[in-house]
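Some notes on the structure that comes next.
Each chain carries a letter (A, B, C and D) given by its place in the written order, and its residues are counted from 1.
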Amino acid sequence: MAKIAFVGLGNMGGPMAANLVKAGHDVSVFDLSAAAVGHAVEAGAHSAESSIAAVEGAEYLITMLPAGVHVSSVMVKKDALLDKVSKDCLVIDSSTIDAATAREMAQEASDRGIQFVDAPVSGGVGGAVAGTLAFMVGGSEEAFAKALPVLECMGKNIFHAGDSGAGQVAKACNNMMLAVLMAGTSEALNMGINNGLDPKVLSEIMSKSSGNNWALQVYNPVPGVMEGVPSSNDYQGGFMVDLMCKDLGLAMDNSQASRSPVPMGSAARGVFNLHQAKGNGGLDFSSVFRLFNRED
Amino acid sequence: MAKIAFVGLGNMGGPMAANLVKAGHDVSVFDLSAAAVGHAVEAGAHSAESSIAAVEGAEYLITMLPAGVHVSSVMVKKDALLDKVSKDCLVIDSSTIDAATAREMAQEASDRGIQFVDAPVSGGVGGAVAGTLAFMVGGSEEAFAKALPVLECMGKNIFHAGDSGAGQVAKACNNMMLAVLMAGTSEALNMGINNGLDPKVLSEIMSKSSGNNWALQVYNPVPGVMEGVPSSNDYQGGFMVDLMCKDLGLAMDNSQASRSPVPMGSAARGVFNLHQAKGNGGLDFSSVFRLFNRED
Amino acid sequence: MAKIAFVGLGNMGGPMAANLVKAGHDVSVFDLSAAAVGHAVEAGAHSAESSIAAVEGAEYLITMLPAGVHVSSVMVKKDALLDKVSKDCLVIDSSTIDAATAREMAQEASDRGIQFVDAPVSGGVGGAVAGTLAFMVGGSEEAFAKALPVLECMGKNIFHAGDSGAGQVAKACNNMMLAVLMAGTSEALNMGINNGLDPKVLSEIMSKSSGNNWALQVYNPVPGVMEGVPSSNDYQGGFMVDLMCKDLGLAMDNSQASRSPVPMGSAARGVFNLHQAKGNGGLDFSSVFRLFNRED
Amino acid sequence: MAKIAFVGLGNMGGPMAANLVKAGHDVSVFDLSAAAVGHAVEAGAHSAESSIAAVEGAEYLITMLPAGVHVSSVMVKKDALLDKVSKDCLVIDSSTIDAATAREMAQEASDRGIQFVDAPVSGGVGGAVAGTLAFMVGGSEEAFAKALPVLECMGKNIFHAGDSGAGQVAKACNNMMLAVLMAGTSEALNMGINNGLDPKVLSEIMSKSSGNNWALQVYNPVPGVMEGVPSSNDYQGGFMVDLMCKDLGLAMDNSQASRSPVPMGSAARGVFNLHQAKGNGGLDFSSVFRLFNRED
């Protein structure tokens, strides 16, 4: 049992903190939303008066925040938690942010003699609740080893991607690829449909051929082809278009900073942004299939 | 045992005909290249003096030709085999051509009371030799049923994609998707490398996450990540860039004819054409990874 | 005064033939539509019973047809006019078709000792009526010189682009560029608007800077910025999205045949096809601006 | 004659400051590079010991810095010049940075009762030396009016784009469009060349047709078509690929922040990044023409 501070109890952070409690840890939580804190307390967490109070005596600090600017504010600016935590506290930032900020935070921590890992997740709210998230972790071998038992309370696949920032890089690469897969699969299936093919048959053929990919395997974007996925539920639930667009922005940031050409990710971003602009930001990202449909 | 005429004995057609012989069929072959005919004869086929002679008494006619214009020439123009075959001969065109020509040929055959299926393959020369090709078949249920035992002598996965032309459509959709997968995977792995990640580790992470796709699973484009693939053999062998560019042209034809928007396939075509223009047409298509590499 | 046969009296061909009459030429016309012929006769042309009758004694044959397949049919297949015209008749094909067919027709003509030029136009129905079309001509110097006085009756800018096919190539390059300009200008102005800028002010700035282009100068896609253009008339009239999509298909054909990478033209084609798919094919092509608008 | 502080004397800032001196202004300069300061002093400027010293008594502060982070540092962090300048000093930031930082700086200035305009330039080093830059200005009418006479000493076209940030937005839109124009023009001319057309003839045709744009008019990317442009000087001088890539990054930032779909700008960015990755960052941006050339 470890003493863990958890800051940021949104759709993802809330159930993650609950899973830590369930695993027997002593969890102090903080969030600006009283309702979010309330849910965590119901789940067995302790409510701290502030983020600073939360980290008192903590062996782990886990943060789950919307963007790099919030992480930076909490770590070294407004809350300055890196100045408040004890030297042997491991800081785990599970927010999805740009790699540059992640590396900067790791350096700030290191300057204070503190260990820090970036550990963004994939798997969505469902994975957060079920404790089956994937974690992509950037940091030293030692820090990774220390983070592992805690992360295993919240997730299933825990990857050590490399040094500081590597977790964020891996997630940016993966989600850019995911956008490419979903947009590409949608347009390919749509072209088949326009030629009179049954999307179920075409999906079956492609998933057994060289066009096989995650979207065809477990997340088919065409309504009615696959059960239990957002496309068969009016594109409700799942991973929102707005979040995919956010992640594609992070991928562009990384492409710019590392001078990496990403014409395919850029094309996918164009497609998702066109879809988002028409008021579809709140739908599951597989709804991009609709962008391709003929309505003439 | 069936009497089969086989026209077109190139890199693919040659070993396909040999597998038919091996399965016990009586195979009459024709090709403009005497050397190609010679190899087939060595394998046990009979050499016919002309394509017209080859189809005499044939229960099946199989064609394997470079483009729609050749299929059209052989079927209804120069050789006019549809006027020469017997009424109960099943015509199987395994060439990869545009769906429009495939449908036209099926109609021409139907006008003469002859059954015709389009049955393009995937699996490359290796699959042709090993008899493990995938066939994507367009035509009636009846014609498909009749083609099946013959196709099984040359392939492993035999898909009935739908009516006439559907085989070509399925192949165009699949190979367009494949181009998207390979270009997208290449640029994602390259961005990871530019950030200091080990491509083996990043490939492992993505293949267990939502970025998973055929290229990551069996055809990694980064030299040294996977054994026995073209990327670890100087991009020799495999599926040539020139052929991928040909298939992307067919995908564009289909997109145009069916008014299907394909921004992702178009972006992939742009990428492969840029790569081809620099003299890489003869390399395996996973060599597109090199296009993204930083050389500054 | 010359004796001119004119085949194909659509929205473009009709007014072009009328301008030839107006210039004093003796014009025999043919079209499958009786109504189209009727209008030409009202304008002073003679109605021929067939295309073959039309070319009898003609010094010039001008064709204005929808696609390469029609030109081929009229020239060497169904009507076989190249076998009917006199040896000193100059054949001018003003249809917008693929360069390959244009070159093939020129060769077929040359085989029969006849001169042929490809001479596609730009300028739309308005230009056809006003006699201010631009002609892009492919063929020998001699043939161009002979065509010039006749083309000047229908157009203002007559360009000699090069040898046979060059007219079609020039038009494909130009219209692909036009699609790039219109899509790019639309998205740039839309981004300005999303940032609170006045599109009139931003258009003014860009048209005096390095972003200047034809769309900003004479065909602004944002409603209300410029008078007398389709964007200020609900995108009625002008150059239809369907026609732009047709021309982008021809550009892709040329890119494929000449192995020329066209990532920008491909991206523009993706954009216009997405717009077309939503039932906008009959609107002016500057309506692509609407694709980018935020509606959330 | 006004008292002007000028901070940032790079390739652009140096000659801009010199032109202010030439116009009779009293200019105090600061830069971290002693050499850069030396050149300005030779031109007649006064060397200040620090940026803080430079702004003492200044009626105008002009900054010309590489990126938003530097502007922010100089204005409100390290140097905190907004706390040092007098209340009636007009601050003009001519750096090309993201609109978000520009708006933030304007707000910081406003909080202190100081007027601030963003005024990025276009026209390159040549324009800076000749005093013919274009300025795109964001800020109030009053601040614009006050800035105008000073900007006119350094430039020719001074545009008032709108409120704070609008100058940066206008520049991002314009330069994104420029990238689209140059990439599109390059690929169109290359396709013409691959078809045997003379690029000079094709450029002439397109510049008189609907494909007309700034690149065709004054900056043709094909060597030998136009005199006095970088393409006819081995792509030396002009506007570097690295700078175009920087500007495209700013355009992506703006697209992300304003949720504006920019598929064409994204495609252009992909093209320029592929070109940059092969070691061409220091060449003029019209060298992107080489990316399309066939070398097979």
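By our rule, a contact is a pair of C-beta atoms (placed from the backbone, for glycine too) under 8 Å apart; a residue touches a chain by one contact, two chains touch by 3 or more.
Remember, predicted model here, so these are calculated numbers, not experimental data.
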Q. Given the two chain pairs B-C and C-D, which is bridged by the higher number of C-beta pairs in contact?
A. C-D
**Q.** C-alpha-based rotation, chain A on chain B, 0 to 180 degrees, nearest 5
**A.** 180
Q) How many angstrom lie between the CA centroids of chain C and chain D, rounded to a whole number? A) 39
Q) How many angstrom lie between the CA centroids of chain B and chain D, rounded to a whole number? A) 50
**Q.** chain B and chain C: spacing of chain centres that average the CA atoms, whole Å
**A.** 36
Q: For chain A, jot down the residues that touch at least 2 other chains.
A: 255, 259-263, 266-267, 270-271, 274, 276-277, 291-292, 294, 296
Q | Sites on chain D touched by chain C in the complex | A | 99, 122, 134, 136, 157, 159-163, 165-166, 169-170, 172-178, 180-181, 183-185, 187-192, 194-198, 201-202, 204-206, 208-214, 217, 219, 251, 254-255, 258-268, 270-271, 291-292, 294
Q.
Per the contact definition, I'd like the list of chain B residues that touch chain C in the complex.
A. 245, 249, 252, 255-256, 259-263, 266-267, 269-271, 273-274, 276-277
Q) Which chain D residues qualify as touching chain B in the complex? A) 263, 267, 270, 274, 276-281, 291-296
